[in-house]
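Order as written gives the chain letters A, B and C; numbering starts at 1 within each chain.
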Amino acid sequence: MSAPQAENQPILAVTDLVSGYDPGVPIVRGASMTVAPGEIVVILGPNGAGKSTFIKSIAGLVPKQSGSVRLEGREIAALPAHRLVHEGLAFVPQTENVFGQMSVEDNLRLAAGILPKAERAPQLDKMYGMFADLARQRHLLAGRLSGGQRQMVAVARALMVSPRVVMLDEPSAGLSPKLVEQVFVNLAGIRKAGVTIVLVEQNARAALAIADRAYILAEGRNAHEGGAADLWNDPAIAALYLGGGKLRGREVPA
Amino acid sequence: MNLQFLVDGLLTGSIIGLGAIGVTLTYSILRFSNFAHGEFISWGAYATLFTSGILGWAMGGAVPAIGPFSFGWTLLVAAVFAMALTGLLALGLDYVLFRHLRRRANAITAVMASFGASMALRSLLEFFFTSSPTYFSKKLQIAKQLGLGIRATPDQMVLIGLTAALVLSIHLLLTRTQTGRSMRAVSENPDLARVAGIDVARIVNITWMIGGALACAAGIMVGLLVQIRPYMGFDLLLPLFAAAILGGIGSVPGALIGGLIVGLAEAVAVQTVGAEWRAAIAFLLLIVVLIVRPSGLFGVRS
Amino acid sequence: MLDLLNLGLAGYIAFFLATALSYSILCLGLNLQWGQTGLFNVGVAGFAAVGAYTSAILTTPPSDMHFGGFGLPIVVGWGGAMLVSAAVTGFIGLATLRLRSDYLAIATFGVAVTIQLVALNAQWLTGGPFGIGFIPRMFGGLAGNALAFNFANLATIAVVVLVLYLALERLVRSPWGRVLRAVREDEEAATSLGKSPARYRLQAFVLGGAIMGLGGAVQAHFIGFIAPENYLPTLTFQVWTMLIIGGSGNNLGAILGGVVIWALWALSGSAIQAIFPPEQQARAAALQITGIGVLLSVALILRPRGLLGEKIIVSRHMDLADTLAPPASAKAE
């Protein structure tokens, strides 16, 4: 089996990833990222930078042409997408991230299917404990829920398998500011529980408020990397990559 | 008009329903209309015939029928065996043909290929067994009076019961088991299913096996109630599609109910308009559904 | 029927080519519907039947075995075949063209099954299982001289194919053809230019159906006799294979496909006659269909664009700005 996690070894390390739907037309053109255990890392950048493709490639949904992806030191780039949750890497897509024609409970029980039988029911109860609203709505069809509640189901589904790393693609997309705040509060809480988080975000402001580090992608490549606080304070970076304007001015929720 | 059409309709409807469930499952998970599904029905019947023949020969001659039914235990064993074999046939066809076409985003190619495969499979049956009809057993069954002017043979009654059992099993599979949930997930969103840890390729294989097995069951029913011939499955193709679309493509209960409706309509037509127009009924129902409400009764997919 | 044994090689080749080219007509019609417009018609046999029976009814001498027998000239028969086929196709198209591809396939499949059922059962109209005989042959006066007869028929059918080919090629390069292509490649763009995709698709569908009707009529007059069993799904399947092998989207491919597949059919038929004893030949004939089925499947996997593939169509006016890139395959919804 894999060697025990060495100290200071990143939990997720992506090196020179080249990927795209069409082999001749790569969208991600050699991007890299390292994530330390327990970090929240956010991936930012202008539209068309390839952020979403980057994260979907790691998740196995977009074909990779070259590059390496290491999870806890193990090479996973060649694994098919459905094996990744077994390895401890979960993904929450941006849209169509729940099974709308199945009940909330079925969505969760589906995810639990890869756990040993004895763990399924306890894990389900634990999830209902964490997300009280879901417990109330467990028999409703996921597609009938509001946007924010669906988001909750999507995140709960990913957490069902107790992943080491969760990746989210624009979790705030389409949500009202109040719900966005709720989402990021949840994410901070998940990190407190020891799960590493990687997220792609368009809403740089909200993301940088809870992130430790950030990567900025442009045209499929790394454009900048740094601590979230540094980016928060650097107007030049903001102007260049994040649509300009100040990022300051919002309190970080506890 | 007497009520006998209810029994005939129920039987025909059960046969069509079993086949339509396979079609609708294939459609919802593999995303194309499989014109070769009728051949699973025919091959299933012939496989059962062949296997029960071998079993009978191994037993040194004709095996006595069970109770009032026309078949003995050799047919039952052969049926189970043949259902598995037909599932493997479906799997094999996917492996040899459809799997290679999945990469193209084009469902039309798969339908076209299935049409070609259906002709090839049917003609192979014709080559092996000739086009003359054959039967599981030559025994004639006496129909029993059930009241209200309805009669049914013991075979007919037990087959309706078996259909109900099969359909109930499928329903339980889909709603209560992890495999069933996985199938529903893949039919809705394959990428999300992968992300949730589901091996989509495995689910595809399971779908083919179930579709093939159900088709075999339908074929055995036709063989017991009517006759076995190479065109038996192909002639059911239009009613199968009509039933699946009428019920709402992707819906298993819809496929069964659609099948029952088509079966009953055909039975009524046979009594009123004449048996030779039977095949046109399915077509009429199909056109009406496609014009009025293409999503069908319980359609989940637009 | 023809006494094939007395034909000699030249006569046989003429007979073979005439038959092959009559299939090519059906193939050209299908190419317009599928290759140019992306309409998945699995009911080719039905439209051919409509044309064949219409022409037969119009041109045969009076008979109480079936409807009509109006004794009209062959040309009138063919014209009538095209008109009635066009009407039937139009009617069906109005009901079904807006459906997505596999539903259209199922619907057209059902249409063909129903048409064949009508041909089989509506005895007052079609002669039922007995079909319609005594259909006037082209150059019937030459029937005594098998060689001349077959060559004359071959020439006629070849002329029909040539005229169709030229007309269709012209059509494809015309403004109408370009809009059709645009409708197939990018429906939204075409709509934004004020073109109604539904109308263009219906027009292509109807024209294709008329051509199929003509093909059915031509075949009827070449053989002289038609019956419902000529219009089974096997026919649809043969024509589809011809188009795929020849190269869909390409009119020359459609013609070539007809000849190639018919050649394979005839060759395999002869091989079966040579290999199998007479009492086994009925069941051995089924192997021909198996072979064609396998061929179609293999072609779809290995070389879906067939022998001649899809051509880049350039406007007649050679305006480079109008040049379209090699088209992508038709999309399923």
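We take it that contacts are C-beta pairs under 8 Å (C-beta built on N, C-alpha and C of every residue); 3 or more make two chains touch, one makes a residue touch a chain.
Being a predicted model, the structure only gives us computed values, none of them experimental.
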Centre-most chain, if every chain is reduced to its averaged C-alpha atoms: B
Chain-chain pair with the highest tally of contacting C-beta pairs: B-C
Distance from the mean Cα position of chain C to that of chain A, given in whole angstrom: 55
Length of the line joining the C-alpha centres of chain B and chain C, rounded to whole Å: 32
Chain centre separation in whole Å, for chain B relative to chain A (CA means): 44
Numbers and ranges of chain A residues touching at least 2 other chains: none
Chain B residues touching chain C - in the complex, by the definition given at the top: 32-33, 35, 97, 100-101, 104-109, 111-113, 115-124, 126-127, 130-131, 234, 237-238, 241-242, 245, 276-277, 279-280, 282-283, 286-287, 290-291, 294
Contact set on chain B toward chain A in their complex: 178, 181-182, 184-185, 188-189, 191-200, 300
Chain B contact footprint on chain C (complex, rising order): 40, 42, 95-96, 99, 101-103, 105-107, 109-111, 113-114, 117, 120-121, 233-234, 237, 240-241, 244, 282-284, 286-294, 296-297, 300-301, 304, 329-332
Residues on chain A engaged by chain B in the complex (per definition of touch): 59-61, 80-86, 90-91, 93, 96-102, 106, 109-111, 113-114, 157, 161
